[in-house]
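Next come two complexes built around subunit A: one with subunit B, the other with subunit C.
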Partner chain A sequence: MRRSVSLSNTLTLVRVGMRDLRGDKWGLTGLCMMLSFVVIALLVPYFPLYDPWEQSGADVIAPPSWNHPFGADIYGRDVFSRVLWGTRVSLGLGVLAALTSFFVGAVIGSFAGYYGGFLDDIMTRFIDVFIIIPRVILLILVAALIGTEVWYMALFIGLTMWASTARIARAQVITFKERGFVKAAALLGAGDVRLLFLHILPNGIYPAISNTTLQVADAIMTEAGLSFFGLGDKNVITWGQIINMGMLSISSWWLVVFPGAAIALMVLAFNLLGDSLELRLKPRLLR
Partner chain B sequence: MLDIADLSVVYRGYRGVLKAVDKVSLAVEDNEVFGITGESGCGKSTLAASILRVLPQSAEVTSGRILFRGIDLRSVSEAEMRKIRWKQISIVFQNAMNALDPVYKIKDLLKEPLRVHEGMPDEETKRRVGEVLNLVRISQSRMDSYPHELSGGTRQRVMIAMALICRPQLVIADEFTTGLDVIVQDQILADIEDLRQKLGFAMILITHDLSVILEACDRVAVMYGGRILETADSKSILQDPRHPYTRALLDSMPTIRDAKKKLRSLSGSPPDMLNPPTGCRFMSRCTFATQLCQTDPPNLQVGVGRYSRCHYALDQGFKRR
Partner chain C sequence: MSSSYVRRRLIQLVPSFFLVIVLTFVIINLAPGDPSAALAGEFASPEYVVEIRKLYGFDRPVHERLLIYIGNMLTGNLGRSYFYGVPATQVVIERIPATLLLVFPSIVLSIVIGLPLGIFAARKRPSRTTAAIVFQAYILFSIPIFVFGLLLMIIFAVYLAILPSGGMISQFYATGLERAADVLRHLVLPMLTLALIWGVPQFVRLTYSAIVEVSKEEFITTARAIGLDEGAVFRRHAFRNAMLPVATIAGIWISSAITGAVFTETVFSWPGIGSLLFDSILLRDYTVIMFIFILTAISVIIVSLITDIIYARLDPRIRLR
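On to the complex of A and B.
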């Protein structure tokens, strides 16, 4: 693919995505919240914070104070610092999982829709199977068999979410492959891959993108849930890990409330953004 | 340059076999504009699609020969055909809005055929795009526009530019002015004529609009029920139609000189192509039909390069009143 074409496509995507955003206060709120999380995740090493791993015997389960705004956990580690550092892994994991889901879903769905027939039947059944399997149970199995390393977890969370993206991509490809400009490009000599990736998907993939944004929130929640059950990666700081730690000192509310609020805010941010993108990008008759 | 002989195309549907094109023969010369006209469903678009081998899956060419510069288009491989399509025979599509991909700028759309067919370096494609936009009289500043930002006429010009960018020898235009208002239509037809003078290419112009045919074409074939009923140069067909159907078509067209002319329309409807009638296809609606018309009419030569598929083509009864 030529760089100029892909660049102009990306610009179109951004332009369509930003259309009317100024009048959309919830979408704008979601975008601002998400950007703040991104800024925190990128700049957290430069903040004047306690080392999130540093243990201090004097501060064990210290309640919130000027010194420790969010208190300290059972090892005397600063929760404020841990929550901010947790942004990194939680956001990265959510985005990685959603992107995995997007690519797998888009490829499987669009090939099923494009080639149709027997291949479509097989793939649609395959997609249905993935929709049916309870996600958490599958992930517990994966954690037990493969381990809990955080980036593997992101990958596997993504691999349990792609089915909805695949369904959207398939439906979109089916409607767009009959359009005049696709037929015209075929006549002009474009091959299957070119038609699919340069003509059909750039037109039809938008609804899958809003779905993917919503899946970021979903992935973050899934990881938090797994970590809460003790199936997370103990070597990184995630919000789910902090809450899991809180189980050991059940009366220390600050070990649950602050990371819990962070999860809620991040999920809210991606939901607001996803809903607003969905309104903007999904094809419909009335706008 | 293009020689079609005895071409038959059928569509296989659940209701039976539909004969869309029935033993059609025609020849298009170098630098000629050849018009194909007829009402909806007479097989003119199917005929065009079979030249480029882009028929839908349910269609099948059952007989005949399509020779393009000595190459038999029915027997060349698909890979060969892809080389011929657009480089040698290109097409201007019916509905410009639907045929232009909405996510690409005009310049990227125009570059696509060059990229696919010529593997040209970027600099060269840029030059060619500028050149072809000049030819179809679109301002260079429109290069960065998206299709939805253009007017219908300009979009149609973009389609023409796309068809011409690989310098084909034959351009097929299927209803390409339909949907444009007559003034824009007229400008585009004039521009096409101009382009043909400059570049030299032949054209097959398919339209149900008789005035377009008469204005733009050198020769005309009138189709009805999958057959060509009359072939002639466009001047003589206007003055002296030799088939009752052609004459009926002309009678239904207003003229500028005789405002009080009564426009006649044909009663009845075109034949059911699932069960085509025997004998003359036009018999059921023809005011001149006789017992003889139950048999297939021969393709009579009625003048220099003029043919008519009517038993009475040589009689003088068809002069315009």
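On to the complex of A and C.
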């Protein structure tokens, strides 16, 4: 069976990405941390934990103890359980936002780079807009005025992040447009869309991958900021939200330290991973 | 040479600026409801509310209101703050000094700490010191700014009680030196937060990677080959070229500095534009929100323009394109 171009390229990508993995301490650390979070997120429902929504008058603002390792919040809910459950939302949201940004950015960027001209100009103006307006502030505006359900938030966050992916995609498409193998395929009758998605993109996508990984970290940080301001979805548990309620009783350090550390660790994991990917994927494939 | 480059860049940026305004205006107006009920007051009759709505033009379609807004903006009329009752410009401009007082020293502190650290890390590589410095930068970068701010507040203002926990002044009647000292005491924690979480990791990583990248260039090898000692190679060639990327992304850092300022000011109740923006969004004070966005857009554009010009000055290859 003949393997398609895209499949071959993906396999090469994985092989190249895994080279010298043993020497790359930081990338490995990032990877392990990320995997731990994924495992926690998947297995949380099976852990013997307090119900994260269960309120308890007796435990209001209880400091950490054997009973509540991370203490309890102002409603007496167990913070340890809440922090662990929060992993699911943060991870899910971060990945969803980054994926949205990736797809929107890659598509728009590729079309702009490929067709050039007027379309390109318009798109560059749009990209500039998202670079000029501080993203978080735009999101605060959107969240406060329009609404804050978790999935919408993930989408919106993604929709403000696509600019950098678009730039990368555009630059890559412009470079690859003139390459021999692309021109050959065009001569053989391949249409624009086929050229873009089967030939150019599978080869040019690598820098965007590390960028997207970093964007997961960014999205998680942004979401934390928004929930900290009280603009998150109240029906799900997010780390920023725990901290937001922590502000109500400022001397309860456990309401800030534990969720804060969780956010920092997850963001750190994706940053390490993203930077490591950037180093691995970029130089080798710049043929 | 310079003026045509400036003109070209300005022409490119003007449409983006207008796009920013349109986008913000549209988002603000997507929110359900309008301020007419709030403006009409508590005891207004429904008919009065409708009158107010007509008077302020809230019943007109969005595109008309956008054009009216832009028209007014170009003549300098940016509307009245719904909440404060005075012109939006006045409300915002009053609070600019507080933000500048917070942001400038933070930037300076970040550069003073971050740049030398980055250089040190780059020169000592590969070594454990370098790894330690870079790792520190990663960690500081990963901690959310509001978490760090709250932590500092908990440690220094609540448990140790040696610094104030918020606001800009505690002694309302102090003047002169006493007033300055009071403000400074309040400034310490927010400034440290902004500098350590936003500024320092940024500068350390930038400087470090810039120097590392530049050191791989051929002209560095040449400089060594012709006999220059390491110090001179660094000072005359590596360092200067490495500073270019650091300067050029100034436009982006202003954006992120503003975001950092919003969080820091809100956590510490520092009365600057950041907290004003946040409050206005919650209060739906549209005119103030629009004006702050406009100001932000203008400052980012100006800073980008200045850095582009400086970059073009320093690197002749850009100019001649």
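We take it that the second predicted complex is superposed on the first by the 272 of 287 C-alpha atoms of A that agree within 3 Å, B and C clash if a C-alpha of one lies under 4 Å from a C-alpha of the other, contacts with A are read in each partner's own complex, and residues count from 1 in each chain.
Rule of thumb we're sticking to: contacts are C-beta pairs under 8 Å (C-beta built on N, C-alpha and C of every residue); 3 or more make two chains touch, one makes a residue touch a chain.
If you're wondering where the values come from, they're calculated on a predicted model, not measured in any experiment.
When the two structures are aligned on the shared chain, A:168 is found in touch with neither subunit B nor subunit C. In the superposition on chain A, A:202 makes contact with subunit B only, not with subunit C. Between subunit B and subunit C, C touches the greater number of residues of subunit A.
By the touch criterion stated above, A:180 is placed in contact with subunit B alone, subunit C being left untouched. Of the two partner chains, neither subunit B nor subunit C is touched by A:237. Shared contact residues on subunit A (touching subunit B in one structure, subunit C in the other): none found. Interface residues of subunit A, counted against subunit B in their complex, comprise 2, 4-5, 8-9, 12, 179-185, 187-190, 194, 199, 202-203. Considering their complex, residues 52, 54, 82, 85-86, 91, 93, 95, 98-105, 108, 112-113, 115-117, 162 of subunit B touch subunit A. Of all residues in subunit C, those touching subunit A in their complex are 12-13, 15-17, 19-20, 23-24, 27-28, 30-31, 138-139, 141-148, 150-151, 153-154, 158-159, 165, 251-252, 255-256, 258-259, 262-263, 266, 277-278, 281-282, 284, 289, 293, 296-297, 300-301. Considering their complex, residues 125-126, 128-129, 131-138, 140-142, 144-146, 217, 221, 224-225, 228-229, 240, 243, 246-247, 250-251, 253, 256-257, 259-260, 263-265, 267-268, 271-272 of subunit A touch subunit C.
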